[in-house]
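Mind looking over this structure? Questions follow.
In order of appearance the chains are A, B, C, D, E, F, G and H, and numbering begins at 1 in each one.
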Amino acid sequence: MAKIAIILGSDSDLPVLDKGFKIIEKLNLAFELRILSAHRTPEAVTEYINSLDAKGIDVIIAGAGKAAHLPGVIAAQTVKPVIGLPIRASLDGIDALYSIVQMPGGIPVATVGINASDNAVLLAAQILALKHPEINAKLKEHRVEMRAAVLEKDRQIQEKYNK
Amino acid sequence: MAKIAIILGSDSDLPVLDKGFKIIEKLNLAFELRILSAHRTPEAVTEYINSLDAKGIDVIIAGAGKAAHLPGVIAAQTVKPVIGLPIRASLDGIDALYSIVQMPGGIPVATVGINASDNAVLLAAQILALKHPEINAKLKEHRVEMRAAVLEKDRQIQEKYNK
Amino acid sequence: MAKIAIILGSDSDLPVLDKGFKIIEKLNLAFELRILSAHRTPEAVTEYINSLDAKGIDVIIAGAGKAAHLPGVIAAQTVKPVIGLPIRASLDGIDALYSIVQMPGGIPVATVGINASDNAVLLAAQILALKHPEINAKLKEHRVEMRAAVLEKDRQIQEKYNK
Amino acid sequence: MAKIAIILGSDSDLPVLDKGFKIIEKLNLAFELRILSAHRTPEAVTEYINSLDAKGIDVIIAGAGKAAHLPGVIAAQTVKPVIGLPIRASLDGIDALYSIVQMPGGIPVATVGINASDNAVLLAAQILALKHPEINAKLKEHRVEMRAAVLEKDRQIQEKYNK
Amino acid sequence: MAKIAIILGSDSDLPVLDKGFKIIEKLNLAFELRILSAHRTPEAVTEYINSLDAKGIDVIIAGAGKAAHLPGVIAAQTVKPVIGLPIRASLDGIDALYSIVQMPGGIPVATVGINASDNAVLLAAQILALKHPEINAKLKEHRVEMRAAVLEKDRQIQEKYNK
Amino acid sequence: MAKIAIILGSDSDLPVLDKGFKIIEKLNLAFELRILSAHRTPEAVTEYINSLDAKGIDVIIAGAGKAAHLPGVIAAQTVKPVIGLPIRASLDGIDALYSIVQMPGGIPVATVGINASDNAVLLAAQILALKHPEINAKLKEHRVEMRAAVLEKDRQIQEKYNK
Amino acid sequence: MAKIAIILGSDSDLPVLDKGFKIIEKLNLAFELRILSAHRTPEAVTEYINSLDAKGIDVIIAGAGKAAHLPGVIAAQTVKPVIGLPIRASLDGIDALYSIVQMPGGIPVATVGINASDNAVLLAAQILALKHPEINAKLKEHRVEMRAAVLEKDRQIQEKYNK
Amino acid sequence: MAKIAIILGSDSDLPVLDKGFKIIEKLNLAFELRILSAHRTPEAVTEYINSLDAKGIDVIIAGAGKAAHLPGVIAAQTVKPVIGLPIRASLDGIDALYSIVQMPGGIPVATVGINASDNAVLLAAQILALKHPEINAKLKEHRVEMRAAVLEKDRQIQEKYNK
């Protein structure tokens, strides 16, 4: 079964994952959450990356703030897709965004928006769906629901404003 | 066989793809290149997205500059992974980067660095490799080659400077 | 009678319209408010744009935050003037501003300041006034009132500080 | 007949208008070009604005660089729509963009992209088209041509790359 | 007697002057405060500038936020020194700073830091002191006091930390 | 007779003064140019500042790039007005601008635009004019000439474009 | 015994040192804290720098906000390593960062992150450790503890999420 | 004897070291230059760091561009001082600066200005001088020479301009 690894550089960033956890629940995805630091526990990072195949994990979400090296350091050690989640901890998250998205040639990180853990999980699911058609179906259903939610909001607003 | 769609918003952006084409050649990837504009040919974009399944295309690279809507507009119409390539056309590429990476919740775009077409192609390959083990092998080989190239440069530099 | 379409990408942005609604009331303008998303409900956007002529709507205000594609996506589907309202949702609104104002050649969006819904409505009124002289008169009256309000504040301040 | 006023703060900015002149020619629009400075010739600015009605001019394009006050200073003296064209003269045009788009409440300026004189003229035409249906037709034709140009480029690219 | 004109674009910016008022009191300076808008009351601005000579006012402080045109518009109408005070109202005050400091050649504005009304008043006093030696003496005294205040703080801190 | 001190942190910045020298010539101002570094020759800076009174110098222009401390370091040692000229040497001049304009409370620097040596000299002249009426006359004459130059350009442009 | 000088430009910045004080305590470092201003008390700065040798102080931490000249002004007066601590007082700390890190050639300042007093102290300790092996041991111990803390957090998180 | 390690992420960055090499020559410093990539050759980085003690290297300069992880990745593996040199490769070097200076708490990097290899070497020398008094003497001599060079330039300028 498909499984996502989520790695944060610090447990103080956990609240940023709230929106992502909601998507995980909605799509009923399997995941594993780790707190691992590119700078403080580099060996634990490497050890974990080496265990991914055995665990059946095919995609990694890595979130970090400031000079956010974690996603790039992970991406350097695997050819599995790594999704970089820039976390707003200073400079409105711009430092984390640049530290993640501007990777040198050869080692890509699939970067999503600042604090956008929902999109990180959705992107992980979209990647896994290539191999797991059941996720594909759930993603399409989620799109339908999002669309319905907007249309319902629109209906309410029209009723209130455009009588 | 695995195939990548590459879509540019304008043919004036073609030179940005040079580094990407080299990776395509090196990894011997199949691809299809299109010039389609989110604003000038929205129907052609939609039509092309609807043809992806039939063509066996599972991942899309979309590159655009300025207020770069193309990757997001494509991502809104498919649950296949969309890789956004911000192109430097003004403001050092910052406008394109923000227009691509800061997508609203629900519609992720996997963003790579400004003008980083090599990383866009590598990311596409890493995603396809989940389903296509032969690409996996090529990616690992490419990493080995990159590593060897750095070590060789290092050897030359050491010879020159650290006698 | 002249009518303005106001489209928001999300109902969570409604409070930003407060200043705009005050201008609408003051100038006694007719408007229609919709919640429509460029990414979640693209067909509803298109459908609504196609209905504008029938509804006698000649100008559209579109507001969105982050990678704000809505104004540009609308502008691509009509030659009626589209006013882009960048909404502060992240990065102080800079991401929304760039995503709206830096449109590629051929598809202009008339961009106002970040969160400046009052100016969006005034601009819509100024455009409509070309065809509707009664709005022209109200706009001039509003200018006179603004001028009087500044002069009155100035009088009070002078009394307090420059005795 | 509909006519556009184009005002630049300095004749050194004339080359920026090249793309705009092409649109003017293509749409066969009437225009009047002036060099007037908000700071050096404020009375001439006022005098010209007061002459607009007599000249049948209903929309103004004002372009300036650096601390670009011209569009706002003009907008303060008329309720006709003023299109602000930020010109890149320093700081990549960001100073001009902020000085134009971030107008205080009450005096909107319809801002287009940095150096985007083509979009400034198109926006002017879209505004005039509300009153002048013949411009409307030309604008739609221009959209059709732009669309055709992209499709032709796409056809050429496909021939070259996707044999 | 030397007198400073202080002009704000909006009375909502009054709290920014608090630090400046303290300097005014300390140096016992004469001033006149006005609320005048470059866009809403341009004639009142001009009228006031024309009255400066009669009032014996030789230096002007002009504060504004966002697309802050007021200092430049005033500077265009007088050769008396105009001190520009950028006020933080959006974008951390960067828009106001650029709109004030990046004036085109020919019309300088002496710009101080964002919200730095104390420095605006001190700069005005330093300029007036060229003609009014009594202000010179007070400025030097103020420097001595500032120096003493730092040294006293340093003494307290040393006592607490460096026993 | 009135005299301006111009101090640069490095002689490599001399070309930036070209526009300023033209104003000096036009207004027939007396000046003294020095190359003095806040960091390399702090004692020479102090020595020079202490000589200003004897030399009859009442206003100082200080230009520097990068972490431009020179204007602030000078301003800390005199209550004469110090005009800060940010020089573009890196980061488009933004680092120099911030290092000069964002001075802490108590020590103002009158900052002009990036590389705007013409405005630095004009501001110096405007300050000196408070005490030296003959400069006042020249400044007004210069404004008249600038105005005439714009009007002449406008006449030429009208002849060419608005036949 | 090794000792660190910590100099702040203003006592209002003291809370920024909290994280640094914790490191000082943990590593049991000797330090001296001073409030000295580059602009208000330049002589006291010089006097203090001249006393460093006598006090056995070999490394200096200097923290300041806005146009933060203090670290550079100190670095210009000693060849001992100066660690610059940019303090967030405006513009998210970017002005302080640029004013400290972008020093002209010849006078380096070892800059740490915005408000990162913990890293400033650790860097000071790492520098002193070259001469004082006992600090070296403590630094390595601190790394071991940091590593253990992350691993413990990771264990807790795994227990909670990855049962 | 004291020795500096200089590590670049890519040999294409070698020209940036020119200014640094001049300082090395002037101060007659010993150094070792390596090309090692945090992402492509992480093991070689680790291996080299482990060899530093044996080689008598006490300070490391690490330079990289874009998402510049190299200095931080090195700093995470040693308690020797690591000097980070941000290299301008995109975004004017801002991405490299943020990726280096904004390190998370616990792992400091002593950051110098963008492309400032001269200051990187000088800082390394200042750190080594704590243990090696002969470097101290050379550094002081270099300061004297820099001071003399500025004074000589000043003398020439005075001769030319202030006759």
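Quick note on the criterion: a residue touches a chain if its C-beta (ideal position, glycine included) is under 8 Å from a C-beta of that chain, and two chains touch if they have at least 3 such contacts.
Note that this is a predicted model, so its numbers are computed, not measured.
J.: Starting at chain B, find the fewest moves between touching chains needed to arrive at chain C.
T.: Steps on the shortest route: 1.
J.: If you take the mean of the Cα atoms for each chain, which one ends up farthest from chain D?
T.: Relative to chain D, the chain whose C-alpha centre sits farthest away is G.
J.: Compare the contact pairs of B-C with each of E-G, A-B or F-G and report the one sharing over half of them by residue number.
T.: Among E-G, A-B or F-G, the interface that shares over half of its contact pairs with B-C is F-G.
J.: What whole-number Å value describes the gap between the mean CA coordinates of chain A and chain H?
T.: 36
J.: If you average the CA atoms of chain E and of chain H, how far apart do the two points sit, in angstrom?
T.: Averaging C-alpha atoms per chain gives centres 42 Å apart.
J.: Whole-Å distance, chain A centre to chain E centre, using C-alpha means?
T.: Taking the mean C-alpha position of each chain, the two centres sit 49 Å apart.
J.: Would you give the residues of chain B that are in contact with at least 2 other chains, written as numbers and ranges?
T.: Residues 10, 37, 40, 66-67, 90-92, 94, 101-103, 106-107, 113-114, 143, 146 of chain B touch two or more partner chains.
J.: So, with touch as defined above, which chain pairs make the list?
T.: Result of the pairwise touch check is A-B, A-C, A-G, A-H, B-C, B-D, B-H, C-D, C-E, D-E, D-F, E-F, E-G, F-G, F-H, G-H.
J.: Looking at the complex, which residues from chain C come into contact with chain B?
T.: Per the touch definition, chain C meets chain B at residues 9-10, 37-40, 42, 64-67, 69, 72-73, 75-77, 90-91, 94-95, 98-104, 106-107.
J.: Which residues, counting only chain F, touch chain D once they are in their complex?
T.: Against chain D, the touching part of chain F is residues 92-94, 113-115, 143, 146-147, 149-151, 153-154, 156-158, 161-162.
J.: Can you list the residues on chain D that touch chain C in the complex?
T.: 19, 58-59, 79-81, 83, 97, 101-103, 105-114, 116, 118-120, 122-123, 126-131, 136, 139-140, 142-143, 146
J.: Can you list the chain B residues touching chain D in their complex?
T.: 10-11, 14, 31-37, 40-41, 44, 66-67, 90-92
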